[in-house]
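Shared between the two complexes below is chain A, which has chain B as its partner in the first and chain C in the second.
For the complex of A and B:
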């Protein structure tokens, strides 16, 4: 009965700390983060479906990851870049057809029921594999999950599935939900998709649409002495300009995912009591990509695609649009995935003369009005930066005689136009690199994907050699051989340019100095925040 | 010409006319005053205003010339404002004239349609229209006209109802003029003045609506508009307020100019009628 009355205990502790800090102003809290307190965070969207097992996206994880946990979380210094969560160890078989997870003991769901291997088996077979946007790919060959005892789950695959891929995907695809609430119901409309029940350090206790989400401390959490905070409030602040002002007024203590606009960072970093942090997004690299519709005859010519790549000044994009908070891309794998990244791919320096020469060579001479041909350019509306890059790309293409007509649309209309109706010539998209090319990167260039799958190859690009490498890598168990295949993949993409990678960026967190243990893992904003604390 | 003399004699009219004339000149000569695409990235990003003679009003987030944007924005604003008002007045006149002159069931039917359009807030109508069809200049013009034609229609109908009972209309009927001829040649010219006075207000409202649509990202992204300039500046309002302030001033000056002109026009029209 050490945790007889948590609220009183934490209250006393907080009171004690308050006394100590007022009695000794120089007293520092370096050793142990203080417990208690309410953290107020800016949230900019309210996902309709909050179940991270079904919708593996950052907007959902931002809130849901505190409630529903994955088998393992990304880590800066853990083995394989992972820190155990609901699984304590994982091991692949020699033939690559099974992976054995040892699960944590003594974990309870928020409704008091015990967490067992049956929950993992159910989540994997009933949700991750058939329903989840990313799980569909990672667990495509998953046949069964055997549960010899309550803390062991053995994943059996019909074809060899690389452990490297499973490991890299674990933080994103393996959110476990309770079997006893989902079994026998319609999963898509289950009320637990909104009123989440998980094993995480916080319980979702209140949601007021348009106002806030309230997460309260889970006293039965398996982590010793965690969570530190009593409460997390996600305040819905859709206006990006509002987050900075709210931080200054101390209405909120933290704004993640660049909720404070990049242009405001220089100013706000000088405000006393506020820190600007660019760490903590290493495993969530967004890529600025020009998607190309290869059905257009001009764009089907690789010379035209190379000309477009040469027409883009990546330095301008990084320095002016991203204000330096980004890096120029060389290919489809970002630099902060060193396991796979290959720097020795063909690159396209900013060279208008060369771009013009390539276009002339391709047979598209400038007409009397100085233009060669017209294109429809659709920038994705999700970020200020993608829209600004749209404005920039129009100008950059005008400089080489290509007239790009911008078409703006809201998120739903944009996705329908590009990924279902193929009503675009060029589109600007921000796909995410999620730790392994097989999770959400190869799908951008692979052929044979049905229309309507968002963030996939909908430009009609088809390259048998590339498809072959992607298929082979998905079944290669040997880590070194698999990595080598992805290096070839990068070379082909950078040479043939099915799409043009322009820049890659992480987000910025802005927090009050009182918030501690911020950005201490590569997916911090979407991790469980069990050790995050507030200094009083 | 007499109307112009009356107009200039009122202080509102004189100032309004001067402002409008200046704006029209700017709009006509924008390509001469600042040649090239105003959306071109011309210099270093975020130059402050009044610092570099090449960019008197500074540059925006991407290094586009703010002055060029404002000059070319005049074209978009005036063109959209005038075209939308013209379309609204044309539709309004036709509907009002038909309803008032025909009377009976036709009148009832048309007026219920007018009611329907007056009930829906015109801005919401424009918003919905543009988001469904897609943003381009003609669509924006049509969207604004769609929300603005109901008022002139009502006004025209009221005028027609009073005029068609006048003696000269009765005599025209007696001498056997064709009803369409009566409507167009006898009634319309006399019903026109109040509608014209209203038209200036519609222009001002149309310019504001266009700016609001652009502000919300529903303008044509391929042309520069004041609304989109204000929207882009809004993200950095704290650090570079001038990016929003300059197009804001341009918008205010234009709308005030149009309003003053309409005030003057109303007075001039009233004065003309009082004078024998």
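For the complex of A and C:
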């Protein structure tokens, strides 16, 4: 425990904050939060590669984001929806071929070496662009990174690259790792991928496989008065019932990413001292999607796809499967992305009669047994909700005379069947919207993607107009024009239904009341938690 | 003594083909499952493009033919090289040795308790078949045996860890506690109470039933009638004559159950977040991690073979007829 020795200045600041607090959201009170303590958090997986510069995934970020920082983090109220981290500002050139980042001064790596623009240039060129799962796309046209001085990095692109895309991608793709530990080594097997060295508020000090990760306060962190906590422990609890029980027994204080299943929330929210929070996942919206194999003759007919869309009662899905912790979708961009979201797209109200009429019109009359045709339906097993929606969809389709044969498989088998073997007619998938449609949304409908690419259009759908818009948006520099293109994109997807968007959801955090400053940014669970505190 | 050595030698030789069959079958089984380690990995990181998948398959050796991989695996296994886990990015042997002690501790305690209490209660029930206490114990054990272990585990956890807070909900020891020596041993023991209870209660029911059934059968034999007519006390007849003879089938059961318990620990280790062998196996299947899964299966098979060998030796000691016929072969 550090003993607070309040100077006159901090007292004045605290006073000012108290005054300001009436006007500001409650979490701004954070500054006055107590320091110290150990926060114990439930973790459900142990990524083998914990380096967020190589693996930009939520499982990795959950732990690594406290140790390795990006150039900027998502923010509810910051400019461009960003809060500066290792970069303090960013500016694009008029031709869209360069972006200049001003970097934070006086930042040190956990091993004591200074952080400079050379680290950013190295991370971008040696890791993000060639190796990172998402950076390969965002930085595809990155040619060089110039470093005129230690705190300036100028990214040079061979083709115009929209600043809007770079900005939206920054929190996810720009984790900076130390050049001095990676240069000249085999990056994929570098020990620092597991024993992380970063600039973040916490140092990774211990990892006991199967049991826990220990993150310890970085006393040299650049953030004034941060981090608040002495220690964060990520305790490995693979069983879903385990996290809820451990929270109730006060063995852990926080479970993010819906580690406590939705069906337990009503009960656990009544336990004194526990709060259930649905905020803090706005930038990690998951979408419940019916993937369609357009190689099936029936499904190649837009009338059939519309009929399926009309056969689904989205309200039922939201209320019964997600217990209200979700929203009905209208199209491929979620409402949580107001920059892009367009509500004025064709929608498909729940209407069995209309669905039946459309199927009749398409020429698929009901046979003697009341069935029009049979389909193979593969729900992804990754979430309870995708599996439950599979059961629901089967019944919803039966109501309009389509016989859906459910095929349940484990994760690896589902992955191969749908994205490599195309052995499905309908599949239920949970793609993620990552802040910009170009990162992982357009790939769901774009044509020409080779087999074997997961979470992409493997249904054989091809629409030249849509492909054209996607290609044009990827190199449109003007933000307004680019946003307009994505509105067109949403209209076409909602009209032609290459896939059917059913619902969109964020995860739930359950925490003890003693944990403060929870969910105060749109990627909270995967942000650095430098202001998270424990009330004793 | 010669009997024991002959038995060990014979077992050691016959276990080689057994292990080979286990390895090949496991490999083929995993091979026949759709999806490979790269599919599982790409899923865990939220996707990647075709080049990533291809380079990963090369790095994992998955671009080679099935037979090439099987041969490579079996030949390195013959040199006691267990290979490299693709899901964990670590040597298989390290992982296995790290997790094995936890499972052995869990299984060992559960087996000892269930055997001890099960046989004792079985004697109580079997000392007077069809009596009230026999019916009560037999019915009770039947109910207990019908309970799925995961359910029992969850209920024990809710009652004793969440509601009463007497014991921890999960884990093998208090995380990052820095405890050493006796304090650490006590801490581990506290953590093991619930998972061991969940495993042991169910197997105890089984041992109870086997003991009771064996005794009921022995009661009908002539030598028991003789012992009783000789005027021996009932207590002496029960312990020295009936229970002792019924114990033989219990020892056989013990050997069979050691394998079943390895399977049961998969569930219990998940519920109680114990980093053990069972959980590792589950993760290996989910990640399509062939080298790791085979490492686990081979070590499990060796364990089961060893336990059964010990059981045979004990059996031979208990029953002088066993192995006697082999003399001279």
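Quick notes
As a working rule, the second predicted complex is superposed on the first by the 505 of 536 C-alpha atoms of A that agree within 3 Å, B and C clash if a C-alpha of one lies under 4 Å from a C-alpha of the other, contacts with A are read in each partner's own complex, and residues count from 1 in each chain.
Definition applied: a residue touches a chain if its C-beta (ideal position, glycine included) is under 8 Å from a C-beta of that chain, and two chains touch if they have at least 3 such contacts.
Quick caveat, the model's predicted, so the values are computed rather than measured.
With both structures placed on the common chain, the touch criterion links A:264 to chain B but leaves chain C unconnected. Of the two partner chains placed by the overlay, only chain B lies in contact with A:405; chain C stays clear of it. Number of chain A residues touched is higher for C, counting chain B against chain C. Looking at the shared chain after the overlay, A:440 reaches chain C, while chain B stays out of its contact range. When the shared chain is aligned, chain B comes close enough to touch A:392, but chain C does not. In the superposition on chain A, A:241 makes contact with both chain B and chain C.
According to the touch criterion, the shared surface of chain A, contacted by chain B in one complex and chain C in the other, consists of residues 241, 409-410, 413.
In the complex of the two chains, the chain A residues touching chain B come out as 240-241, 244, 261, 263-264, 266-267, 316, 320-321, 381, 384, 388, 390-392, 394-395, 398, 405-410, 413. Taken in their complex, chain C has these residues touching chain A: 33-37, 39-40, 42-50, 52-53, 59, 87-90, 95, 98-99, 154, 157-158, 161-162, 165, 168-172, 175-176, 270-273, 275-276, 279-280, 285-288. Interface residues of chain A, counted against chain C in their complex, comprise 40, 45, 47-49, 55-60, 133, 136-137, 188, 194, 206, 208-212, 214, 231, 233, 235-239, 241-242, 245-246, 248-249, 251, 382, 409-417, 419-421, 432, 440, 449-456. Residue ranges of chain B in contact with chain A, taken from their complex: 37, 39-41, 45, 61-63, 131, 134-135, 217-218, 221-222, 234-239.
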